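These are the structures, in structure tokens.
There are two complexes below, and they share chain A, which is joined by chain B in the first and by chain C in the second.
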Partner chain A sequence: MHIVGILGRRLLQIAATVLVVAVLVFGLMRLLPGDAALVLLGERASDEAIARMRDQLGVNQPILAQFWDFLLRMVTLRFGDSVTLRVPVSSLIAERLPVTLLLTGMAAVLALLIAVPLAFWSAVRRGSWVDAAIRVFAQVSVSMPVFYIGLVLLITLAAGLRWFPVGGIGTGFLEDLYYLFLPALTLALSLSAILLRNLRESLIEVLDAEYVGFATAKGLPRGLVLRRHVLRNAWVSTVTLLGLHIGSLVGGAVITETVFAIPGIGRLMIDSIFSRDYAVVQGLTVVLAVLVSVVFLALDAVQAALDPRVGT
Partner chain B sequence: MKRRDLLLASLLPTMAAFAAPARAAPHRGGTLIFARAMDSLFLDPVHTAQNADIWISLNLYDTLLQPSADGKGLQPGLAAEHSVSEDGKILTFRLRPDLKFADGSPITVRDVKWSLDRARSKEEGGEFAFLLSAIGSIETQGEDTVIINMAQSDPAILQALATFNAGVVPEKLLMAAAGDTLLEKSKSFAEKPVGSGPFVVESWRRNSEMVLKRNPYYWKEADDGQKLPYLDAIRFVIIPDDATRILKLKAGEVDVTEFVPYARVAELRNTPGITMTLFPAAQVHYFTMNNRPTLKDGTKNPLADQRVRQALNYATNKEALIQVVTHGVAKPARSYMPIATPMAYDGGPLYPYDLAKAKALLAEAGYPNGGFEVTCMALAGNADDAAKLQTLQQMWSQVGVKLKIEQLESATRLARFNATDFQMRTSLWTNDLNDPKQITSIFAYYPARQSNRTGWNDPRVNELFEQSEHEMDSEKRTAMYKEIQQRYYEAAPIIFGMDVPYPIAMSSKVHDFVQIPLGNNIFINAYKDA
Partner chain C sequence: MSDEAVAPPAALRPAATAPRRKQLRLPATGLLGGAILLLFLLCALAPWLIAPYDPLAFDYMAIMQPPSWEHPFGTDNFGRDVLSRTIWAAQVDLQIAVFATLFPAIFGTLAGCLIGYAGGWVDALFRRLVDVIVTIPFVVLVIAIVAVLGPGLLNMYIAISAVGWIIYARLMRSEIIAQKKRDYAAAGRVMGYGRLRIIFRHLLPNAASPLLVYWMTDMSLAILLGSSLGYLGLGAQPPTAEWGVLIADGKNFMTTAWWMSIFPGTAIVLGGMGFSLFGDGLATWLRRRA
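After this line comes the complex of A and B, so read on.
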């Protein structure tokens, strides 16, 4: 199929996905009891003040009118103002998104940096004590809750040894990298365990395959065999798995950002859901849906490059 | 340091707030880093409704009168002098000379009049306009005199003029801000406001960090004749997680941490280099009950019977609650008002634990062995709520009452509460005004909010409250409030709980930071050793 056609089809898929997500979020938010007027004014507000605020916020309008308004905003990318923070949603997202992207990006890279060498080591030395130790590490990492790993790292490496700051972010890119290292590691650990286990299985499978035995028998150097035949074939499923977990990485960022006091979109999302700040939740969800779809698209491309058998 | 010395050291800053400290001269300059659990939402004093906004507002906007450091009395603010006519109908304020806003422009009597007129207006005045509603008109005289004519006398008016929403705002700057309506202008102004207080906003990244720098034009001077405040800047960092805030303090990355969980108070008291302070607070924890005969879903409500409510109060061991929830730092309630409220009537702890009385009252009400169920709404994920209700569950099982806990998140709980669709809930109240009128209008005066949604309605209390609103004789007003509090106690529309302090942990380098009982964080005298 022609490349433009493929791309066009994929973009349409993304648009449809985003629309479905947007409608779902609109509906779910309206199903939640409570509204922003109550949250904003608190328990002491009089009934008439609440009614006045509901008018101001437009939550008194019929649901269809609200939905139409919402659709118009989505199409024109005007997300409106946050009712609690009283600033445009777009500027909030623009301020927060880079931090979260950096955090999840670092986490993905760290996860690969941990998982790939360990998986190799463990697959090549299958059955040895090294293999056993690595598998225990994976088991522990995957079963510990993110907030717990975060607190343990904070207490030991930051508050205890003072190697890292206790949360927050820096004032520049390099400092950000330093501040975000622990939270990224927190996020990376459980993902790395998942990747590790999967990659180890694939590696073992490939190592046992006849063509690898054949390549070795041909007298190819071990390193070349591992790189060209084993890794290349085992890689495909790991990249797929990484892609599938991008979503959960963003989910994990919500918790990590709270524990490490990072002003990213994860924390913004949680705060906005609790304060029924519809505009922010909707805007964020749409942006995240677009982002995740784009990541999937990019991963498909990477996969196709890695393995010509993967069709588009 | 010995343990006793540490305890003493932790009390010092509080005491210093009341007496002039005989210490080395405070260090000038430096930035105080303050870890907050929650960020402010909006910095226009008139549209301020949340504690996170209220508690820092007085640092940005000065008032004619200020709360004193112990929070009980008043001290002069922008007005050097004031007088009240004998009938309480005319209040005259004389401003200090050469007052300036943080941008260096003069604070005029016109700004004062405009700010107060906006704050008391029903349309533009926001949630707290009612505090100033007894004002009839405001006029200015010459360069320095503001005259407030009261439409009705109001015994709480001076306290109201020391409250955040009466903060003085620069009329010209606010009116010059972008927007068509006053509300829109207020919104643009509040992005980076300029006020009359000792500090001014330098930068603000929402939910992340807010930097206040000292206002070089602020009028107040220290004992040595130099200008206050001592600090060059305050940096608020927002850290929602309790454990992380404390770790930051321990690592020396922040100087002050608010909302220390009670469970950590003892530990921090014994941490070298950290001063753990419990500031007295006008704050109560209690349980709200629905007093209506039937609940929203149509079922019969045993809590409608006064004897049942009294019985449950007797069956509640406050001392045990205080131990479990606050590790002993709170005090059993003596009124529905925080005991720090003026005119709070202290007749000893209410409903001391007495199982025999509880059982007798239940039997009298037709529930000899309890045998009914009460459902209480709790804030999901809140450790305090969980501890309170699990303790209550055990205590009430002794009289055969089964307590069911319903976990809800905040917005849902609030919606159910406002719709009176509840039987019982955990509650917390902090005074915003240093007077009994605010809490009483909400808790006990039915016409305002059905006595805080309980549905309890005592015509005599309503009448007394209405009278007290215009009673200028302090003794008579105190007597009225005593009767209101006694009737409230007798009827027990709530489960009385405890008076709880504000736990603040600070680096030992920080001195003279004060949180007054109303919760306001006062930084004017705060300083940090070099």
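After this line comes the complex of A and C, so read on.
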């Protein structure tokens, strides 16, 4: 029952997010110097096109009516046409979105695959040199900017050892996985360090708890105690933290896609900024914000399933 | 008589105070962070004393030289000394660390104090706003704002400040809410002090240590974000030497002249580590002292 309540609240929150982002983007576009129609269409637009765009933007209407129109267009995914690529922004985004989703999904999985075993190792062997080495790894990883990790991996593993392609994506799903491995690793490293630190703390806390001592005293095998009693209770905060960092993962994807020349929506955003293609930037900002809220929603459901106390 | 019973035997006293003094020192990792920051501060304040060459001087006789005794970090595609450029860039990157966080810290603290003390619908509204804002990817929002304002350091500060204050406000709000329930706050109210006096003279000093610690962490994040935007071409503009810009300069020569990017990159990692280690050390120190 309580899951329904949480989902309802989250859906309302997504609606609120769309509203706030719309206000922000609408306000930002008003900050653009000069004629909005001219900016959206580019310098070489014909007079009729500009007149039509002005009409469409409703520049002559009161500001609230303009905003209402704008909101309706955003909600129905009518973001207008890209100035440089001459196609609807929504189809452009739809075409590029799967790559970015695959990249961030892979990165989240990789981050967990790195963080969970290392955190365990570090927590169980607390105070040893293994623990120290893992903590240094975490400290260095969080202090490295994503683009730099990407470049280092590019020179060493791709250009140097030639284990991986230097950029782009493949043809077909399996090849995509291969092409996206290095970018996903790049994105995953700093996230894994954040998760690792947190999980290590909560593992240590749980390892010292009386019920773990009791389970061990009962004579349960070590592996079973760690899996059933320790991990299950340390998990929850890690999932919460992963959720909180989905936004930064998406932000990191924008940068990673630029470094590895991946044709996803992050690269599209940067390219559009330099070609002053504001219709694309505006559409992408809205889509990305909504996307992250949807992931938040999904993670809330996962969390409620993992821990019955959540949401009560 | 009862006083004597409470006081510890004289022989135990030195043993009891020695660890106390040790506790009052900054932890070793915090000292390391502080040392790194000092080194960078020195580079930023007097680069002409430390840097062996002019960071902007072209030398066509020494183009893309690998690291050597004359050029410890090598030279770039115009023959400029990478070490000197990295040292001069400390100025810009430390400036980013300070300027990108100064407004958010001050404004966010003020807003958080007022919101936390006011409570009621103001607080409820703020919490809804925070719930929404945290779902919007920070980097994407900053990039979108820079896109509209145009690339450059000043616009980058504006973009980061426009979004960054909310985190400080959220932090301060919960601190103030915890503090205002304490007896000394009630005492202040009974004494008839004004709200602003209670907030800023009594509550804020007691709530300030998490703020300081977060500020340090935020400075390290600012360096990472600032250099990322510099790399993308949205932050500091060439020929300004900034670590992210230097890395971008070298990225086309990654396979032939790796030193052009690797050394400025190491500077970013060290700078980020300096702030975060110092911040962690500060947190431990403040916790022990309390």
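Miscellaneous remarks
The rule is short, and it goes like this: the second predicted complex is superposed on the first by the 259 of 312 C-alpha atoms of A that agree within 3 Å, B and C clash if a C-alpha of one lies under 4 Å from a C-alpha of the other, contacts with A are read in each partner's own complex, and residues count from 1 in each chain.
Here is the rule we go by: contacts are C-beta pairs under 8 Å (C-beta built on N, C-alpha and C of every residue); 3 or more make two chains touch, one makes a residue touch a chain.
For clarity, every value in this text was computed on a predicted model and none was experimentally measured.
Of the two partner chains placed by the overlay, neither chain B nor chain C lies in contact with A:L97. Of the two partner chains placed around the shared chain by superposition, chain B is the only one that A:F260 touches, whereas chain C remains out of contact. When the two structures are aligned on the shared chain, A:L85 is found in touch with chain B, with no touch to chain C.
When both complexes are overlaid on chain A, the residue A:V140 reaches chain C alone and has no touch with chain B.
Looking at the shared chain after the overlay, A:A45 reaches chain B, while chain C stays out of its contact range. By the touch criterion stated above, A:I155 is placed in contact with chain B and with chain C alike. When both complexes are overlaid on chain A, the residue A:G167 reaches chain B alone and has no touch with chain C. Within the superposed three-chain model, A:L299 lies out of touch with both chain B and chain C [touch as defined at top].
Residue contacts after overlaying the shared chain place A:V25 against chain C, while chain B stays out of touching range. On chain A, the patch touched by chain B and the patch touched by chain C overlap at residues 32, 151, 154-155, 159, 258, 274. Across the interface of their complex, chain A is touched by residues 41-42, 49-50, 127, 187, 190-191, 205-209, 237-241, 243-244, 247-248, 250-251, 253, 409-418, 442, 448-449 of chain B.
By the touch criterion stated above, chain A contacts chain C in their complex at residues 13, 16-17, 20-21, 24-25, 28-29, 31-32, 139-140, 142-148, 151-152, 154-155, 159-160, 244, 247-248, 250-252, 254-255, 258, 269-270, 272-274, 278, 281, 284-285, 288-289, 292-293, 296. Those residues of chain C whose C-beta lies close enough to touch chain A in the complex are 128-129, 131-141, 143-149, 220, 224, 227-228, 231-234, 244, 247, 251, 254-255, 258, 261-262, 265, 268-270, 272-273, 276-277. Residues 32-35, 38-47, 49-50, 84-87, 92, 95, 151, 154-155, 158-159, 162, 165-169, 258-261, 263, 267-268, 271, 274-276 of chain A are the ones that touch chain B when the two sit in their complex.
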